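Both of the next two complexes hold chain A, though its partner changes from chain B to chain C.
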Partner chain A sequence: MAAVLPDWLSPQQFSTAIDEMANAIGKQWVIHDGDPKLRSYRDSFSTLPGDANVPSAVIAPDGIEDIQAILKIANEYRVPLWPISTGRNFAYGGPAPRMPGYVVLDLKRMNRILEVNEEYAYALVEPGVSYFQLYEYLQKNNIKLWIDPAAPGWGGIVGNTLEHGVGYTPYGDHFMMHCGMEVVLPDGTLFRTGQGSLPETESWQVFQYGFGPILDGVFSQSNFGIVTKMGMWLMPEPPGYMPFLITYENEDDLAIITETVRPLKVNMVIPNGAFTVDLLWDAAVKVSKRQYYSGKGPIPDSARKKIMSDYKLGQWNFYAALYGPPPMMENTLQVIRDTLGAIPGARLWTAEERKHDAAFQYRAKLMRGEPNMTEFGLMNWVGGGGHINFSPISPTTGEDAMRQYEMIKKRSHEYGFDYIGEFAVGWRDMHHVYMLMFDRTDEEERQRAHELFGLLIDEAAAAGYGEYRTHLAFMDQVAKTYSWNDHALWKLNERLKDAFDPNGILAPGKQGIWPAHMREKHSWTS
Partner chain B sequence: MISRREFLRGGAVAGIASALPAGAVIAATQAKPTIAFDAICDTRYEEGDQFLRTVSAQAYRVHGLDTDPGSVMPAIADAVAEGRSIAGLTTDAALLLADQLAAAEGYKLTYKGVHKHLSDDQIEHQLTLGQRWQASIEKPLIEADSAWPEVIASLMTTLVPDNQPLVEHRLTATAKRHPNSPGHLVSWILQPA
Partner chain C sequence: MDKLISTIGLALLLGSVALPGTAEERPRSGEESWYLFCEGCHRPDAEGPGAVMLQRRYGDERMAIKGSTTLAPEYITHVVRNGLLEMAPLRPTDITDAELDLLIDFLATPANPVD
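After this line comes the complex of A and B, so read on.
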């Protein structure tokens, strides 16, 4: 079957461009023309129909020179490139491009761990390095540093950080913990941020700033450049580690949990990326919906109660951890018992008490920087493989938590889906992650999920809640909600796009930022 | 349900495989007149055990999965490294991981069955397979009741070398759901291109 191509590119132009790229970096690193390997670049788990967003080709460079050669050809023919690091986050689109026909620029071969400095606790990595890979490297070399993995450990460190992913240790804000980038612009210009711009520096990975504007953020969640190296701060292995779970009996407890946790987070009593997790999220790691309910629509309260009883879970389940010398942890744990543990109906569980609980165990691993894949088991809740994450941000207040929870739960129930969610509690904010799971083998259900997701974006925005990242299919809609002062920010993004990438070859449409030649068709800002 | 201990002890040559050096596994399996495919099943469920009992007689190696779907990843790496086909009865999550890893090495999904309990007594089999197998699979599946995983396992041996254009076929049958069944499993074959 002939590849779908962007409408400005003829099959002949495309073929010539791909041949030139293959000549530049080696034919074995180019996938196209019905090669079965192209299948691994789909997003087959989204709310989009069939094999939407299938790339026309994939090209895998091995370094800066390869990338520069590819960019030169892409500029000549205006071939749209979609860079990925490992392309593993299927809740947001995986490796698939924004539009069918783009050429995926797969950075998987650039998977070198360039430096690990145990004294200053950082690593310098290329974009193809996965959490598993860095973890295994540290273990193998007996380096006493912890990484902060995303829940699926096969994800890429650079990709997750650029997409503003969060983790579970005290280093859970990944972008905050990055230090120094190397970037290739669409015209091939290579530069380094921060201290990396000083030729003889030893400070690139220890000080985040340089002299002048801090440009790192411009290259996160954007389509202005390709990040080819990134420094990440790593956590020194602490002398002690104490994960815990507190279960809560009532849905309404979410408000008081959130109010109680805020001062504990702002004051760093709880140092790590803490999570308030809904019952079904925890349960779905271990059981499927049909084991408790075989009817249509959301699972009834009676079944929820049965799950709570069977697995000793709460309607809400708060996970966090303490780190440090044991006497300090014991003291802090007493503060936790006196606050979060004092909420009526709360029960605090230790690691020993939950040692056979798969949900506790995978979170305990994540909070000590050990990557794993257990959370993928969530997908089995309904079967059928469909899943997509809705992720609005709010301040850490009980009122906001309940408002978001009730709004999303009401709509998801109206549309026949379960509410399955968690609140990732940062220092001052919460990332509310609602995992919309659906049976992708059921066409009507897939369409219903798509409709619900679009509705949630608009309703959340109207209430003042913006999404911090989203699936490919909804990037324009989310971008549109950031509309203050007549979309001034997105108009600026478009000006930056035109300046950095005048031919519009790099990830057109990512985050709703379209290049000039596609703007008339896609953009809403003018 | 077969316990993990029994599974490793003797039910399947392949179960032993994960506990033995690779050389020992090959020695144990080379004598079997089989098509070279690995089998993967979720032994948390009765369906997985049923599948295992039948397929272990034919498979080069069998791998059991647990709560962590990531446990499928080393099994796929083993099979792909040696170019063997892979057949499975697993959850969707395990298939997602298996398919992504295998597809990156050029493997095709040449068969997929979605087995979905519509109620505690009724199951829908949604099969995507070579056209010529449609007729032969329907009757045994309908008659199998809750033993359907054994029918699927039997089919694997014939499907593995198959390379026909795929068609989708749905059928509904009476089948009592096992008490611990997740109610939704997928059977599948990944083959090198």
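After this line comes the complex of A and C, so read on.
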């Protein structure tokens, strides 16, 4: 099958460009010409049809010089490049590019752990370093530092942080904890942010700001540059660790849980990401839907009740952890008992009591920075692989939590899907993550899921809720909702795009930011 | 202030541990590929979602892929490169063809009972 190409490139121009790239970095790291391995760059879970986002080629550089050589050729022929680091952005697009026909710039080979500093507790890594890899390195070298992985351990520090990803230890806001970047611009310019631009510095990974404007943010969730190194603060292993779960009996308890969590988070009594997890999210790691319900549509309340009692779960299940010397943890635990534990029907569970519970165990690992893959068990709830995350932001209030929950659950049920979700309180905000699970082998169901997702974006925006990130297929739609003052922010993004990337070769359309030469067809800002 | 900065600089140097910063050796061993890309999902217990799904579909005998004597190398290659329902494919930059061969050999060795 001939690959889809960007419509402004002739097959001849495309193949000349790819040949030149292959000459520059080595043939064995270029995949093209309908090679079946290109299929491993699909998003095999999305609501789009099977081969919607297959790239035309993949090129895997190893180092800055390779990247600069590729960029030079890409600029000459206007080849669109889609950079990925570990390439595990599943639920939001996986390794796939925004449009079919782009060339994926796969940075996975660049996986050097450049420095780990135990005293100042940081690491400096290349884009291909995964959570599993960094964890293994620290273990093998007996370094008493914790990483903060996203739930899937095969993702990585750079890609996840650039997407504003979240984790489960007190260092769970990854972008907040990064310190220093090295970036290659589309024209090949190489520079470092923060203190990294002072040639003799020893402070690149200890001070985030440097001198002058802080540019790091400009290279996250954007298409302005390729990040080639990143510093990340690591948490020193604490003298004690105490994960816990509190189960709640009623759906409406979400309101009071959220109201109670807010002061505990804002005052930093709970130091890590606090997760209020709905029944099915927790249960799906352990059982499949079919074991409880063989009909169509969302699982009925009677079956939910049965799952609750079989697995000793709540309608809501609150997970967090305490860290520090044991007497301090004991004191804080008493505060937790007097607040979250005092909500009628609440039951607090310790790690010992949940020793054989796979869901508790994987969260306990994540909250102490041990990467794993157990949360992928969610996919086994319906089977068939389809899933996509809807993740709106709100202030941490009971009213917002209930409003979002009811809104999304109602639509989800209307469209025949279970509500499977969790509310993550980082500090002042809530990330509500609704995982829309569907059977991807059922064409009608896939399309229905796609339609539901689009509807949720607009309804949430109308109620004042915007997504913190989104799947490739919905980037334009979400970008359009950030429309204050006649899309002023996205117009500015387009001006930045033109300044950083005049030929429009880097990740066109990422986050709804289109380069000048594609704007007429895709952009809504003018 | 100068002094302070240089003291910090020195501390940084001393604080740094074995920092090769060099590329790891490729091809990777089968065991290392297993750890980086398979074990998280295929550890043969309730925390391995791949193992759990295989057990649900086919029963206990097919739960573990590590140590299996019945999986054909061609089949493993196909699943790894194309994915299978809930399992996403692995890319050639994750596991090269040579590394996949080593991984397949590793899978065929008996599972370590303490795993």
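Note that in this section the second predicted complex is superposed on the first by the 526 of 526 C-alpha atoms of A that agree within 3 Å, B and C clash if a C-alpha of one lies under 4 Å from a C-alpha of the other, contacts with A are read in each partner's own complex, and residues count from 1 in each chain.
Assume contacts are C-beta pairs under 8 Å (C-beta built on N, C-alpha and C of every residue); 3 or more make two chains touch, one makes a residue touch a chain.
None of the values given here were measured: they were computed from a predicted structure.
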item	value
Side-by-side fit of chain B and chain C on chain A, or clash	clash
Touched partner set for A:S288, first chain B, second chain C, both or neither	both
Touched partner set for A:N141, first chain B, second chain C, both or neither	second
When both partners are placed on the shared chain, which of chain B and chain C touches more of chain A	C
Which superposed partner A:Y120 touches (first chain B, second chain C, both, neither)	second
Which of chain B and chain C A:Q221 touches, first, second, both or neither	neither
Partner chain(s) touched by A:D62 [first = chain B, second = chain C, both, neither]	second
Doubly contacted residues of chain A, that is, touched by chain B and again by chain C	36-37, 39-40, 45, 88, 90, 153-154, 285-286, 288, 358, 362, 372-374, 376-380, 383-385, 441
Touching residues on chain C, where the partner in the complex is chain A	5, 8-9, 11-19, 21-24, 35-37, 40-41, 45-50, 52-53, 56, 81-83, 85-94
Touching residues on chain A, where the partner in the complex is chain C	29, 31, 36-37, 39-42, 44-45, 58, 60, 62, 87-88, 90, 94-95, 106, 108-109, 111-120, 128, 130, 132-133, 136, 141, 143, 152-154, 202-203, 206, 285-286, 288, 356, 358, 361-362, 371-380, 383-385, 440-441
Chain B - residues contacting chain A, complex	67-70, 73, 91-93, 95-97, 99-100, 103-109, 114, 116-117, 119-120, 126, 177, 180-186, 193
Residue ranges of chain A in contact with chain B within the complex	35-37, 39-40, 45, 88, 90, 153-154, 285-291, 294, 358, 362, 372-374, 376-380, 382-385, 439, 441
